[in-house]
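Dropping the structures in below, format is structure tokens.
One chain, subunit A, links the two complexes that follow: it is found with subunit B in the first and with subunit C in the second.
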Partner chain A sequence: MLRTLTAVLLWLLVSAASAQDAARTTDELKSLDQEVQALKKEVLDLNRELFVLEEELLFPANTQVAVFVSMDVGEFFALDSVTLKIDNKEVANYLYTEREAQALLKGAVHRVYVGNLKAGEHELIAIFTGKGPHARDYRRGATVKLEKGVGAKYVELKISDRAVRAQPEFIVKQWE
Partner chain B sequence: MKLSRCAVFLLALASGLALTTAAARGRAVAEQPLVGTPQVVKDLRWGDVLFYFYQGEYLNALTRLSAAQELGYLNEHALEAELLKGGLYLSLGQHEEAGRIFRALLNDNVPLDVRNRAWFYLAKVWYQRNYFEEAAAALASIRGALPGDLEPERHLLEAQVLMYMERYDEAVRVLERWQPVGDGNDVWSAYARFNIGVALVRQGRIDDAVKLLDGVGQLPAPNEERAALRDKSNLALGYALLKADRPAEAKQVLQRVRLVGPQSNKALLGVGWADSAQGRFTKALVPWLELRDRNLLDAAVQESYLAIPYAYAQLGAERQAAEQYMLAVNAFAEEQARIDRSIEAIRNGALLEALADHDDERAGWYWQLKNLPDAPETRYLYHLFASHEFQEGLKNYRDLRIMQRNLDNWALSIDAFESMIDTRRRAYAQRLPMLEATLEGVDLDALEARKNELESRIAAIERDNDIVGLATERELAQWRKIEQLEAALASADRSDPIVEEMREKVRLLRGTLLWDFNASYKARLWRARKDLRELEVAYREARRRSVLVERARDEYPARTEEFARRVEQLRPRIEGLRARLASTAEAHNRHLASIAIRELEAQKERLAAYSLQARFALASIYDRAASGKSGGGE
Partner chain C sequence: MRYVLPLVLLLASGSGWSAPSDLVGQPAADFALRSLSHDNIRLSEQVGEVVLLNFWATWCGPCRQEMPLLEEIYQKYRRAGLVLLSVNIDEDAAQAAEMARTLGVSYPVLMDSRHEVAKAYQIGVMPVTVLIDRAGTIRYVSEGFKPGYESRYTDKLRELLNE
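Right after this comes the complex of A and B.
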């Protein structure tokens, strides 16, 4: 009996030695895996098509206006929220989660608003709230005149650090 | 724009890969940018993709990336976008698609370092998915050394792959070839030597295995990870020595295992067997009796229930042996009943739901089951849950569920799209009459004719030097008045002094007017030409707008119907995929439940086998007692 039991345990032991060594019903898993992969691919393709349709249907290029928020360094400003007004009408009020703010600090850009505007001149007001230098509550606004042409209009609201004055700086950049 | 560091992409990829060992999981992988140097974000849409990517929302990031590529928004980041796409496919377990992208990208135009990393990650995914041939081929595509910690990990991976392909000698050679590079004290080297040792045990090369496993088993253990590895190594070596009938050495090695830890039960059992093999049954009872008070879920504890009466029997204590066998039979029966209840619970489908709902919502094989739900069946399945196959299946199941929810949302959006299209149709029908009226009210051809006529007139004035031609209305009226006066005076009596005076005054007036015309002619001609040019610009703009409006009028319904057609085509695809996702998720559910049940049944069978052995031993004792051959105790 000793030998049998020891052999059983040795097998258990060796199999436990590597976490990868579970019993592998490999063929069944592979077949399911391939099916799942094919299915996921179809879902991903469908997602892309739906996303493009949504964009083209709801925000055609000739009227589209999108506002993006980006951050540079962020030493002097921790972003809490952004409020946007276009032609004195509030169009977005976005509260950032910690995870989103971290993504911005890594260099990502957030499309905070997308909508439609007629060609011509418009006014955009952006209000940033957050924690400024010395963790004090901070609120700053920026106003910009937009000249909407026939193509899509992108506006980037960039929060930057002005090291010389140890203050955040809010820069508005227009992209065609 | 802040630098978007593709290094973060790689770091995420690296941390996304569930590494082969607990050691690897705890270690940060050196950050190296995938695309040479940090890149400035030149397309806002690229930054938008990164926004979701950095948050671990890989499905969302991939959707946005693919859409932005299709809409031509990522032209400035074409290479990075493809690389990230490959990475995102990897993160969603789409290794075939990722492989296709990487293979297409990884040519001589891409830096060698980038290519090597891509192949390395690809190899890891294929390994995770049990595609060992593909993993080996990807590893073989790496040229030169990988940076930092990736290089030892690569060798470890290569050895693991070879081991799973049952090419043990090659696996050993890979690790031996690499081993001298390390100082023998780093964790990668320790894992490698452990793995070589196990491979050698599998080949029956115990003496070779002893050298390696003994070394790892005596390494300093400054942390839990290292201590656990040391325990594993000592345990593997101890049992290998037991099997080789070298119990004294085995005991020495097994006693190095910590008394409290994941391997302690097996070590205690082994120490007992080592003593037992040397005929020291009283000594053997010490660790086994310690084991008996531990959790019966553990196979080593179960085995101790048989080992104790075996030792008593060997010592001639047949009564105690019989009691202990009875205890074992009862304990095994109770445990089997508990396992039956767990199997029933799993058949009812509760297990997978509880597992998949645990932890957070984000998709991808980055996800791992970290906390087990508190359910009766989970305590039997710790080993199974830690297994690669189960984790992979569970990840797929979660991904399918996340995609189901994603398509549920799109199904709602599709309804909204249809309403939107209806609104477009109605708005067009309402605006059309007004539009038609406006277009009809504007005669651009007549406008053009008038413009042309004006051009001709000014050209004639210039050619004939017709200074009067540019006179104002008031000046022209004065000019005509003078001409009338001249005509009237021409027929008047020229001898009359009053007439003569009048003629002189008219002549003076005519001269003054001509002087004015002449003096202002150039300025007037310049202004006329300028006005003409402005007229031309305005006319062209009117013509262009008219064309645009007409085109919009003609094309708008067609575009609306095109949207309607797309929506119409997408709806059944959404529905079809929702159904397939549901059935595939169900198939996964069944598959994983069957693995869990198989595991539980194996445990039950082992208990049944133990129980049978106990009953058989008990019967033998009773038999001997009946025939008067036994003693009454120790």
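Right after this comes the complex of A and C.
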């Protein structure tokens, strides 16, 4: 009887000890998991800050110029490419895939160029090519006078057919 | 004279001369090129598939031997997720189209007449075959072509398709 009681008591003690160990292990794992998650968040935040810093260093606001392309076409128009020249020097030549052209049709905006310009007057020539209704080829251009001031300069080239139906043209918008 | 070759190699080792094989393990440089069928194809839109990039030119004899074999590989593995893109560096697209048609090529032929993509992949000799995994990393580069090389491509390809 005494031996049975001792065995039961021992068994209870061992169970309690192992339960405590299991609880400690679980707590340690939880704490480790939380540390890993916190570290991961710090790494992601740092990555984002480095990206912003890189952009600021490469393209400081006082010389930055960015050109965006968007579309507002009623009739079907498949954009094929956009070429940009600033002061007669080609700075961008972007080919649009079908997926990218569809995204633009759905309202996406594409930053086709970001660079540096000195303050003063500059000339931007933008040419786009594509296919309109009935597979008709389009090639249109626009010349834009850029007055670069001290702040970053943004130019939006919107391809639109609102003015003349089914005739896509550039509508240029500038802001700083 | 016997010192010339070692001197050249010594200079070359310090001169920064690089080869496409140096790109193994690097992310594949993204690009978009117009194909002979007038579609624009962007490499980064193929992420998730295994991509075989083949650089060639109409003046390249080994390319003529290699391309029909690439066509066989394409037909065999396209349903398994292989995307085969061939990049031609000639300035005359008509010549490239004629050669592709004569050789019975059905995979996309992209025109890199400005050699921008060829520069990005450090192409010096022809042909060059690059295998890119599903994550967009360059895993294998083969410069030149001799009969039998195609079995190396298929071995590596199977490995990447099974990943």
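Brief remarks on what is shown
Rule of thumb we're sticking to: the second predicted complex is superposed on the first by the 123 of 176 C-alpha atoms of A that agree within 3 Å, B and C clash if a C-alpha of one lies under 4 Å from a C-alpha of the other, contacts with A are read in each partner's own complex, and residues count from 1 in each chain.
Here, a residue touches a chain if its C-beta (ideal position, glycine included) is under 8 Å from a C-beta of that chain, and two chains touch if they have at least 3 such contacts.
Note that the coordinates shown come from a computational prediction; the quantities given were computed from them, not determined experimentally.
In the superposition on chain A, contact of A:99 is made with both subunit B and subunit C.
Once chain A of one complex is fitted onto chain A of the other, the partner contacts of A:135 are absent, as it touches neither subunit B nor subunit C. Of the two partner chains placed by the overlay, only subunit C lies in contact with A:80; subunit B stays clear of it. In the superposed model, A:58 lies in contact with subunit B only, and not with subunit C. Once the two structures are overlaid, the count of subunit A residues touched is higher for B than for its counterpart among subunit B and subunit C.
Within subunit A, the residues touched by subunit B in the first complex and by subunit C in the second are 99-100. Note for the complex: subunit A touches subunit B at residues 1-2, 5-10, 12-14, 16-26, 28-30, 32-33, 35-37, 39-58, 66, 68, 70-73, 99-100, 102-111, 154, 156, 158, 175. On subunit C, the positions that touch subunit A within their shared complex are 32-34, 39-42, 45. Looking at the complex, you find that subunit B touches subunit A at residues 1-5, 8, 20-22, 41, 44, 46-48, 50-55, 59, 62-64, 66-67, 70-71, 92-97, 129-131, 160, 164, 194-195, 198, 201-202, 232, 235-236, 239-240, 242-243, 266, 269-270, 273, 276-277, 299-300, 303, 306-307, 310, 383-384, 386-390, 392-393, 396, 399-400, 403, 406-407, 410, 413-414, 417, 420-421, 563, 566-567, 570, 573-574, 577, 580-581, 584, 587-588, 591, 595, 598-599, 606, 613. Looking at the complex, you find that subunit A touches subunit C at residues 80-81, 94-100.
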